[in-house]
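Order as written gives the chain letters A, B and C; numbering starts at 1 within each chain.
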Amino acid sequence: MSKTHTRREVLGHAARGTALAGLGGLTGLLWLKANATFAWSINAQRCINSRLGAVGVDVCERCSTECVLALSAVRAVNEFKSCGRCYVCPAYFKITSAVGPDGLPTEKVCPRDAIKREAIGWIDPDDPANNFYDYTIDETLCNGCGRCVLECKEPAGLGSIRLEVRHDTCLDCNRCAIAQACPEDAFDRPEPA
Amino acid sequence: MKYQPAHTIGGRGSAPDQFARALRGVALDGAGRLYAVGDSAVKVFDADDALARQWPTDRPGECVAVDRSGRVWVGEREQVEIFDSQGGLTDTWRDPGQLGLVTAIGFAGSDVFLADATARWVRRYDQGGRLLNNIGDRHRKGGFHIPNGVVDFAVDDEGILHVANPGMHRVERYSPDGTLLGRFGRFDGRDPEGFPGCCNPTNLTVDDQGRVIVSEKAGPRVKVYDPEGQLLEVVADDVFDPTAKNMDLVVDSRGRIFVADTATLEIRVFEPTGSEATA
Amino acid sequence: MPRCASLGTVLPRVAGPGLLLVLVLFGVSGPAAAQEHVEYERPVDVAPTEDTIGEGYVTPEVQRPRPRAAAWQIADVVLLAAALGVAAWLAIWRRQRGWLVALTTACLLYFGFYREGCVCPIGSTQNVAVALVDHTYAVPHYVIALFVLPLVAALFFGRVFCAGVCPLGAIQELMVLKPVEVPRRLDKALGWLKWVYLGTALYYAVLPAIERDFVICRFDPFVGLFRFTGAAWLLMVGGAFLVVGIFVGRPYCRWLCPYGALLSAFSRYAWRPFSITPSRELDCGLCQSACPYGAIEERRAVRTSCFACGRCYRSCPVHHAETPESVVPAAELAGRPPEAAP
């Protein structure tokens, strides 16, 4: 390096080096406390649709209406392990609707018909009440309105359905529109322990 | 026959005649005394609803029954405790690996029936505690379908078992050897004749005329059916805490219905009104 | 028996307040929620098991929230880094506007309309600030990368992020059709606004969690346009920015962008910033009137405010020639000898 450096160049190098070191230090500091699990989620103990004891309340549909995405990033999820596989599922059927000739309610709860009902195991050809049924939620149809969650809640159901945020579609907005609108503060980004 | 809510016994609280955390089962003895279990205790109320005595149980009581000789049977998790009428423990039945959560007890002749909510069927024992047979175990669903978590049954004067099968919205009748004799009930969320929701009726009892009195959850309701399964009366549908479920009930010789409200921990008494009341 | 009875009555009395104390100590869910919380006992496992259902039934997998789509995050970071590199190469080595416009359009489509403007380096400033003051707040790795990469690029090449990567800049860049010159003093004065905005945003971000607000995201005028949805008044503000932007080049970037404030500070010490040099350009001053951002002073690019859009090169007679190296013929073409010529 035979080239001579001007005073200005040297100062420039120094400033750049300092800034780079500062950025590096900042990155290192943040990297150590970074946590990839930091994301929006729904606290089922707070959500009015799933909170035990909140009986006779109206459904809160803000998770489906407030999200900035055309189809909300929130989905209803059925925890099969705790699903009672009922013949007449109150989250599938509108149980107060008129009974049809097959002995089942004629209307469904889901406004988008996103829940599939299917008899499982050995199937009794004569007595449909004698079967267990799986209730599977179609992720492409569900918009997280929470009606089924409310209907599945104890004591009417077993509370096997809850709302969850789908992180592959959630934009992770700092100002999440659902969180702003949630009346129960159930939509939050839990801080890592 | 109409019913009206008469009064309540117990309630949530720490007084001796109240329940702190739970009220699970009620029963009557021949003298009309009311037995209630909940917290780990049996409480006995005499005819004027005053607490006559109470004694602790080994585990939280799930159900209670009084046999003809006045012994008090308390169903618990994996065991049954048998007390004399004064509360002295005379025996404890266990059937390791077999008997699970006992949610109802009944007697007929020399038989003792225990509802096992873990296995989801009713077990028939002799007086010595020997298992004779199971009732409902041949069900295609492997037992009674009980998303509500309890099996409840009642034995009528002829020794026939009436078992609630809430997941199928039915009341089923069995002979002591486990033969299905008949059934009634269907789903209906509007017509009170039917059983609403996912799983009703949750509990039932039978009176001396063979009428079946059932309780439902979500919303809590008590109804009376005749022996053929025709709805006679809706006893009450708006007095219970909306979160109450698995409300045990019992009927006395005067037709009064005692219902355990599992949310407020009160025993609600319903009295028949009108001329038929004395029948 | 009396002893047992009294024990039975004393225990709940102790247990009640004890439980309450524990709840309050751990702040489980606040007093209101604790009151409403109802315990439901599940005496037995009531859900049918695979054995009960039979016929080889297998309990379906519950669809868990998939891990945050790591592929997307890595793709974003890689694409951001690549776009920064390409922008620097095009602006500083190739000195071509055409490809810069193509890059700008591509980044607008991807980061703007496809990824819907989130997460962006501008907003990440707030997350980084919160992470620094709130020890309970964690910031994901990729947000750190998004925040740091454009700043590092600025230390080497100036505001290349603004040149062709930032979707907010890109949507305005493509709207500059009939730029008018903003008086220099007014331009400079308005330029201080972005520091005020940055300070305000940082102030609201570092407030305690309960009062915290992400001002930059809240008042982002363009994100609603990317998503075709949003508060009506914000959409109108975004539209107004674009309309004004037809005549006044990139108003948000020049005067409001809080991240632009950081970038301009960092680009002050850039190693090889965007430049207009006598050896490679014709030192004629035509570029000065071509720059819609007032970022050329005394025939030289002002590194702190230059968005490296490349309009100056397009206006430069030298770069009209097929071979940029042949300075002299190009100079002759312009009818004016270069200063370096004898």
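Please note the rule applied: a contact is a pair of C-beta atoms (placed from the backbone, for glycine too) under 8 Å apart; a residue touches a chain by one contact, two chains touch by 3 or more.
None of the values given here were measured: they were computed from a predicted structure.
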item: Central subunit by CA centre of mass proxy; value: A
item: Result of counting contacting C-beta pairs for B-C and A-B, higher pair; value: A-B
item: Chain centre separation in whole Å, for chain C relative to chain A (CA means); value: 26
item: Distance from the mean Cα position of chain B to that of chain A, given in whole angstrom; value: 40
item: Distance from the mean Cα position of chain C to that of chain B, given in whole angstrom; value: 65
item: Junction residues of chain C, two or more chains touched; value: 38, 46-48, 52, 54
item: Shared-contact residues (touching 2 or more other chains) in chain A; value: 53, 84, 122, 132, 154-155, 158
item: For chain B, residues that touch 2 or more chains besides their own; value: 141, 145, 147, 243
item: Touch list for chain B against partner chain C, complex; value: 14-16, 20-22, 39-41, 53-56, 62, 87, 100-101, 103, 117-118, 141-143, 145-150, 243
item: Parts of chain A lying in touch with chain C, wherever the complex brings them together; value: 12, 15-16, 19-20, 23, 26-27, 29-31, 33-39, 41, 45-46, 51-54, 68-70, 75, 77-85, 120-122, 132, 134, 136, 139, 154-155, 158-160, 164-168, 171-175, 191-192
item: Of chain B, residues touching chain A in the complex; value: 140-141, 145, 147, 167-170, 186-191, 194, 196-199, 217-218, 242-245
item: Touching residues on chain C, where the partner in the complex is chain B; value: 1, 4-5, 7-9, 11-13, 16, 38, 41-44, 46-48, 51-52, 54
item: Residue numbers on chain C that touch chain A, as the complex places them; value: 29, 33, 36-40, 46-48, 52-55, 57, 59-60, 62-63, 65-70, 72, 116, 118-119, 123, 126-128, 131-132, 135-141, 144, 148, 151-152, 155, 213-214, 217-218, 227, 229-230, 266, 268-271
